[in-house]
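First the structure, in the form of C-alpha cells, and then the observations on it.
Going by the order they are written in, the chains are A, B, C and D; count residues from 1 in each one.
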Amino acid sequence: MIMKIDSTEEQVSRVIKEIAKYGLRADVSRGEFRTVIGIVGDERKVPFDHFAVMPGVKEILKIDTPYKLISKEYGRVAEGAGGLRTGIQIGDRTLGNGEPLYIAGPCAVENKKQLFRIAEEIKKAGAHVLRGGIFKPRSSVHSFQGLGGINRKSAETALRWLSEAGREFGLPVVTEVRGEEHVDLAAEYADILQIGARNMYNQDLLAKVGRKNRPILLKRHFGAGIEEFLSFAEYIAAEGNKNIILCERGIVPIGKGKEYTRYTLDLAAVPAIQKETYLPIIVDPSHGTGRRDLVYNMSCAAMAAGANGLMVEVHYNPEEAIVDGRQTITPAELSELIKACDEISRMVKSRAEIAGQGSTK
Amino acid sequence: MIMKIDSTEEQVSRVIKEIAKYGLRADVSRGEFRTVIGIVGDERKVPFDHFAVMPGVKEILKIDTPYKLISKEYGRVAEGAGGLRTGIQIGDRTLGNGEPLYIAGPCAVENKKQLFRIAEEIKKAGAHVLRGGIFKPRSSVHSFQGLGGINRKSAETALRWLSEAGREFGLPVVTEVRGEEHVDLAAEYADILQIGARNMYNQDLLAKVGRKNRPILLKRHFGAGIEEFLSFAEYIAAEGNKNIILCERGIVPIGKGKEYTRYTLDLAAVPAIQKETYLPIIVDPSHGTGRRDLVYNMSCAAMAAGANGLMVEVHYNPEEAIVDGRQTITPAELSELIKACDEISRMVKSRAEIAGQGSTK
Amino acid sequence: MIMKIDSTEEQVSRVIKEIAKYGLRADVSRGEFRTVIGIVGDERKVPFDHFAVMPGVKEILKIDTPYKLISKEYGRVAEGAGGLRTGIQIGDRTLGNGEPLYIAGPCAVENKKQLFRIAEEIKKAGAHVLRGGIFKPRSSVHSFQGLGGINRKSAETALRWLSEAGREFGLPVVTEVRGEEHVDLAAEYADILQIGARNMYNQDLLAKVGRKNRPILLKRHFGAGIEEFLSFAEYIAAEGNKNIILCERGIVPIGKGKEYTRYTLDLAAVPAIQKETYLPIIVDPSHGTGRRDLVYNMSCAAMAAGANGLMVEVHYNPEEAIVDGRQTITPAELSELIKACDEISRMVKSRAEIAGQGSTK
Amino acid sequence: MIMKIDSTEEQVSRVIKEIAKYGLRADVSRGEFRTVIGIVGDERKVPFDHFAVMPGVKEILKIDTPYKLISKEYGRVAEGAGGLRTGIQIGDRTLGNGEPLYIAGPCAVENKKQLFRIAEEIKKAGAHVLRGGIFKPRSSVHSFQGLGGINRKSAETALRWLSEAGREFGLPVVTEVRGEEHVDLAAEYADILQIGARNMYNQDLLAKVGRKNRPILLKRHFGAGIEEFLSFAEYIAAEGNKNIILCERGIVPIGKGKEYTRYTLDLAAVPAIQKETYLPIIVDPSHGTGRRDLVYNMSCAAMAAGANGLMVEVHYNPEEAIVDGRQTITPAELSELIKACDEISRMVKSRAEIAGQGSTK
C-alpha cells in the first residue's frame, strides 16, 4: 500500500489525517522529487478506492507480501522519489553499501578488564563494532543470566563499561535487550540495540525498540521461516525505524543422531532475503555452528553467499569465557578471518558483476 | 537442589538468608511434617557442602534436569513433606486431579454480544473456562491485532466484557498477555493469564507473570523441544508461582509439499511431559491442526494420550470469525466433543490402572 | 485422469489400446454398472481432448493431486460404478471397514522358539496379524541385520518359521522387504509385504511389490510430508495393486535438547490422510515413540484419531530382545491395550456419527 | 575395529579366516610398511580379546562411531601404514587433494543433440565431469521418469549417448542408479555411479554399487543427520569400495510461510564432515536451493566452506529443460562461477594455513 504524491504539503497532511481517521498509521518518505506514503495497520480497513481519488495522490501501489515497508518494491519507489537512504550508518561505515561490517566481542560482558582487553584486540584485528552481552537470554533459570540479570545497578555498570570501551577504541557498541524494561536503559548506552533470536516473535519488544532512534539488529528465530523473519522486521519498520540489520544465526537442526553443529546455518537465506528487502543482512557463525573450529570456514561461506557482514564471538582466552566458550575464537584468528572475508567479498561481487549473476548488493 | 529440614523456624530463616547471601533465591515449601527449600539461580555459585552442614538441614538432593522446581522429583519430596498441592484450582475444578478441564471460546474477542453469546453456549456445552483473545499476536503488523491492539481504553473495555461474561455464566476466564506492559492490566480482569507460543522464550515476560497470583497457561513454542519447554516453565516457578498449566499446540511441520495441517500436534509430548513434571498439560487441537474438520478426532486423541484438558476455539458462526475461522468449531460440535472426551479420558485411565500402564495422572 | 464408460467391451479395449499408444498405462475398474479407466504415466503426454470424443467415453475427470488412483475422488467414481472394493481382506477381517486391525510381534525374528511363543501369546491377546522382521534395515552396517542379513538360506528358514507360526495360530503374517531382491522370496511366504520407512522413496521397490498379488504395508518416511507419502503409495497402485495399508510411524523430531521421544508421531496425519484417500491407515506407536512406557497412551490416541489399526512390537521378555527392546511391550500389556483401543474406536465413531464430525471411515 | 599387523602373509590369512569364522568380513589394507585389517559386521559378535592375541596382531584399535572404515581415524592408521590412498582419481583430477572438481550437465538427458551440445559447452566452461539423469526419481508416477523410465532399450540408448558425449569431450560421466536393477547396466557406461538423496537409506542398493569398481557419488538424504549420512556411506565402504564422493544437497526446510528455497543447504555440514572422514564432499547448489538466481552465490559459499567440488545443473536453454529448469544455469554462467570458485577455494585454503584454522583438506 503505497501512494505516490507530487503535491502540496497541505495535500500530504490531508492524506495523513485521512489515514489516521481509519485507525491506520502513515509511513511518510519525503523525497527530493516526491513524497511517498506507506500505510501501516489492519489491511481489511484500508479504503483504497477512496484514497486513490484524493487530491495530490498520483497512484496507489499494493504490495502483496506481509512485509511492505521493508520490501525492495517500496524501497525502489521511495528511493526513486529521493526519500529513502537504504544504507545504515554505523560509525564511519555504511552498512549495505558494499563494505562488509564486522561485529565482534565476548558473548557476555564479565568485567571491565576483560571487556577493554577484548575491545582493544578486536579493533586491531579489524572489527568495526563491539558486541557484549549484558542481558543474556538463557535456556535455564539456573544458569548465569549476564551482569544485567543481577540487578539494575549491575546492569547499568556493565552498560557503562561497554559504552566506555567503545569510545576508547573507536567502536560503536551493540548489546541485546531481552525484555521491554531494558530498552530505555540500554538505549542510553548502546549505539545498536540487538533483539535476540528468542525474541524475534516478541512484537511488543520490536515495537518498543522501533521507537528508539537507534539501528536495530534483529536475529532470525531458529524456528522461523524467511517470510516470518521479514514480517516481524516489519513491526520495527512500522514504528518508523527502518535502520534494521537482519542477522541469520541458524535454524534448529533436523535429522537423527549425534548433533555435529548446534544449529543449521541457513546461508541460502542471505541472497534469498536480499532479493526481498533493501535491509542489510549479516551472519553469526558462532551461534550458527556452536563450534570454534567451523567459524573460519562458515564466515568465509557467509561472505561468499553475499552477506553484508558478520557477528563473531571473540575472547582472548575462549576456554575461560563463562558463556559459549566452545564457539569463541581468538583475536588473532579474527584478524585472519577478516582478511579472508574482505577478499572473498570483493571477489564474489566483482565476478558477479561480470556475469550479471548473484546478489547485486 | 533441594534441602530437607525438620527444624526450628529460626534455622529455616538462617538457611534462607544464607542462600540470599550467595545471590540466590529460596523456594520454600512449608509442609505439615517438614520444610523443603529449593534453590533458584546460577548453579555454579551454590556451595552445596556449606549448606549441607548447616543446622537443621537434613539432606541435600541435587536434581539434574534444568527444570528443578517443577520436576516430579521435587514435587514428590515437597508433597511427601506435606508442602505442595499439585492440583490447580480453576473455579470449582481441580486441574490435574483426574477431571478433564475444557477451555473454550472465540479466538478473538470481537464485541460484547459475540462474547456473551459464545460464553453462554460453551457453558451449556460443558466447558469450564472461557477463553478470548484481546492482545492478539499476529505474524503481520498489517493484520487485526485484537481489541487490545487499538489502544488501552479499548483493551480495558474488552477485558471488562470478558470478566463480566465469565461472572455471568460461572466461567473463569483466560486471556493472553503478549507484552510485559499488558500483565498488570490483564491480571486485574482475568483468572488465568496465558503466554502464547511465540512468547514461550520471553523470559522477562515469564518472570513478570510468575509474580502474579494467578494460574499461568504456558503454550509450547512451535520450534521448542520438550526440555526447553519445561526449562522455560521453570522461569515462572522460580518466581514462586507453581500454578502453571502447560499446553501443547503443535510444532512446525517438516516435509515437502502441500501443508495438510498447520502444525504437527505432538501428542506423545503429553505422556512424556507427565513423566517429568507434576504440572498438568492440556492440548490445543485448534491451533495444533488449523483445521476445523480435524478438531474432533484430535481432541479425542489428546485425551486418549492422557491430556488433562483441552483448549478449543468455538464460535457460533465460524465463517464470520475475524481470526482463525477455519479452525473454529460450533458450540453444538463442542458439546459432542466434550462427551466423547469425558468417556475416553475415564476409559483410558481405568484400563491403564488394570494394566499398570500408561500415564498415572 | 478418469474416464467413465458405459459401453461395449470392444470400446473399452480400444480406449486401453489408445492409452498404450501414447506410452501410458490404463488402470481398469470393471464395475457392475460401468467401467472406469484411470490413466497412469507422464501427464504431459495425455491428449485429454482426443480421449474425450472416443466412442463409449462418457466423461473425463481430471484429478489435481499427484495421487490419483488412490484418491477419494477416484475411489468414489469407481465404487459408484461398482468396480472398486475399498476394504482390504486380511485373514477374516476387512481392514478399512470399521473393524480395527492389530498387528503385533517381535521387531526381529530371532529363532523359531521365540517366534512361536510370541505368536501364540499375541493371538491370545487379540492380535490379528503376526509381524516379524527378517530383513532388518539398520543405520549401521556394524549392527545385527536380521536373519535375512546373513545369507539366503538363513533368510528362507526364518521366512518359513514365520509362515508356519502364522498357520499354526491362525495369523496372517507380514514382513519387511528391504531390497528388490527380497521381493520374490518374501512373497512366497508372507501374506503382507512391508515397505519400511527408509524405503518409502524407493520407487523401483514400490513398483516391484506393486506387481505382487499381496497387500502392501507402506510406512511413511520420517522426513516425508503427507503429499509425498501418498504420491509414493501411488507408485504401488500404478502397478495395479490397490491393497495398500498406509502406516504412520513418526517423523524426525525438531527442537533442541534431550530427545524424549525417538520420533514425533504425527497423529493428525491419520484423519488428514483419510480425507484424501480410501486407503486404510494404521499407526506404529512402538517406532513412533521409541518408548515402551508411551505405547499404551499413544495406541489409544491413534485409535481416537481414527486409525484403522495398530502395529505394535511385542516380546515376552522385552529386555532380551536383540533389537529395539526399549520400545517393546509384553503380551499381557498388549491384551489390555487392545481392549482399550477397541472401546475407544467404537466410541469415537459412534459419537462422531451423532455429531456429524470427524473421520467417517 | 582395526588391527595393525607387521607379519607374514600367512598370519594375515589366518586372521582373515578367523574373522570369517565369526560371520564377519575383513577389510584389508595392504600397505608398504604394514597391513591393516578392518572388521565389518555385527559388533556384538566380535571377540576382541581373542583377536588381540593372535600371532602377527600388533594392536586392536576400536572406533566408536558407527562409521569406521571411512573415519579419519581409520584413514590415518591405514595411510600411515602406506595402505590407503585417500584421493579419488576422476579422469585426470584427484578429488580430495586440493583441486576442486566441477560436475555439470543437464538434470535429465533428453536427446543426443541436447546432451552433446551441453557437454561441449560445459567442457569449455571448465567443468571436469558430465552429469546426465537417465533414471530419474520423481515424486509422482505421473511425471516424466527420464529416458530410463520408458524401457530398457531407451535406457541403454541414453546411457550410450552419455558415454559417447563423455569420450568426445574428454569428460568422465556420472549418472544416477535408482534401483538395484539399473546397477549392472549403468556401470557398463558410466564412470561414476550416483545414489540419489531418496536412496541414501537404501542399503541393498548401496551394497550393490559398493561391489562395482567405480567411484560412487552418494547424496545426503534431505531428512538425514550427518551421523546417518556417514553411517550409510559405510555400507558402500563395507563392500570394499572406498571411492565414495559425498554430496550435500539440502535438507527439508522448516518454518512457516512461503518457501523461498526448495531445501536448506547445510553448508556447515561440509567442514563438519571433513573432520570426521577422509572422503571428499561436494555440494549441489542446484537441488539445494531450487533457484537459478541463488546458484552463483551458493556455489561460492560452498567452496568457501571448504567443499571439494560442486555439482551444478546446466542447460543452454534452462526454460526448455523438461525437468528442474528453474534451478538450471547456462554454460556462460557456469564459466564465471567456476572462475570465482577456483579463486575462492585457493584463497580460503591459503588464509587457513596462515591462521592454522579451518578445514585442512
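As a convention for this text, contacts are C-beta pairs under 8 Å (C-beta built on N, C-alpha and C of every residue); 3 or more make two chains touch, one makes a residue touch a chain.
The shown structure was predicted, so the numbers you read here are calculated from the model rather than taken from an experiment.
J.: Which chains are in contact with both subunit B and subunit D?
T.: For subunit B paired with subunit D, the chains in contact with each are A, C, in label order.
J.: Report which of C-D and B-C is connected by more C-beta pairs in contact.
T.: B-C
J.: How many angstrom between the C-alpha centroids of subunit D and subunit C?
T.: Subunit C and subunit D have C-alpha centres separated by 33 Å.
J.: How big is the gap, in whole Å, between where the Cα atoms of subunit A centre and where those of subunit C centre?
T.: 49
J.: What whole-number Å value describes the gap between the mean CA coordinates of subunit B and subunit C?
T.: 38
J.: Going by the touch rule set out above, which residues of subunit A reach two or more other chains?
T.: Touching at least two other chains: 139, 222-224, 228, 231, 252, 254-257.
J.: In their shared complex, at which residues does subunit C touch subunit B?
T.: So the residues of subunit C in touch with subunit B come to 223-228, 231, 251-261, 264-273, 275-276, 288-289, 291, 293-294, 296-298, 300-306, 332-333, 336-337, 339-340, 343-344, 347-348, 351-352, 354-355, 357-359.
J.: Of all residues in subunit A, which touch subunit B in the complex?
T.: 23, 40-44, 66-68, 137-145, 150, 178-182, 198-199, 201-205, 221-224, 228, 231-232, 234-235, 238, 252, 254
J.: Show me the residue ranges of subunit B that touch subunit D in the complex, using the header's touch definition.
T.: So the residues of subunit B in touch with subunit D come to 139, 222-223, 252, 254-257.
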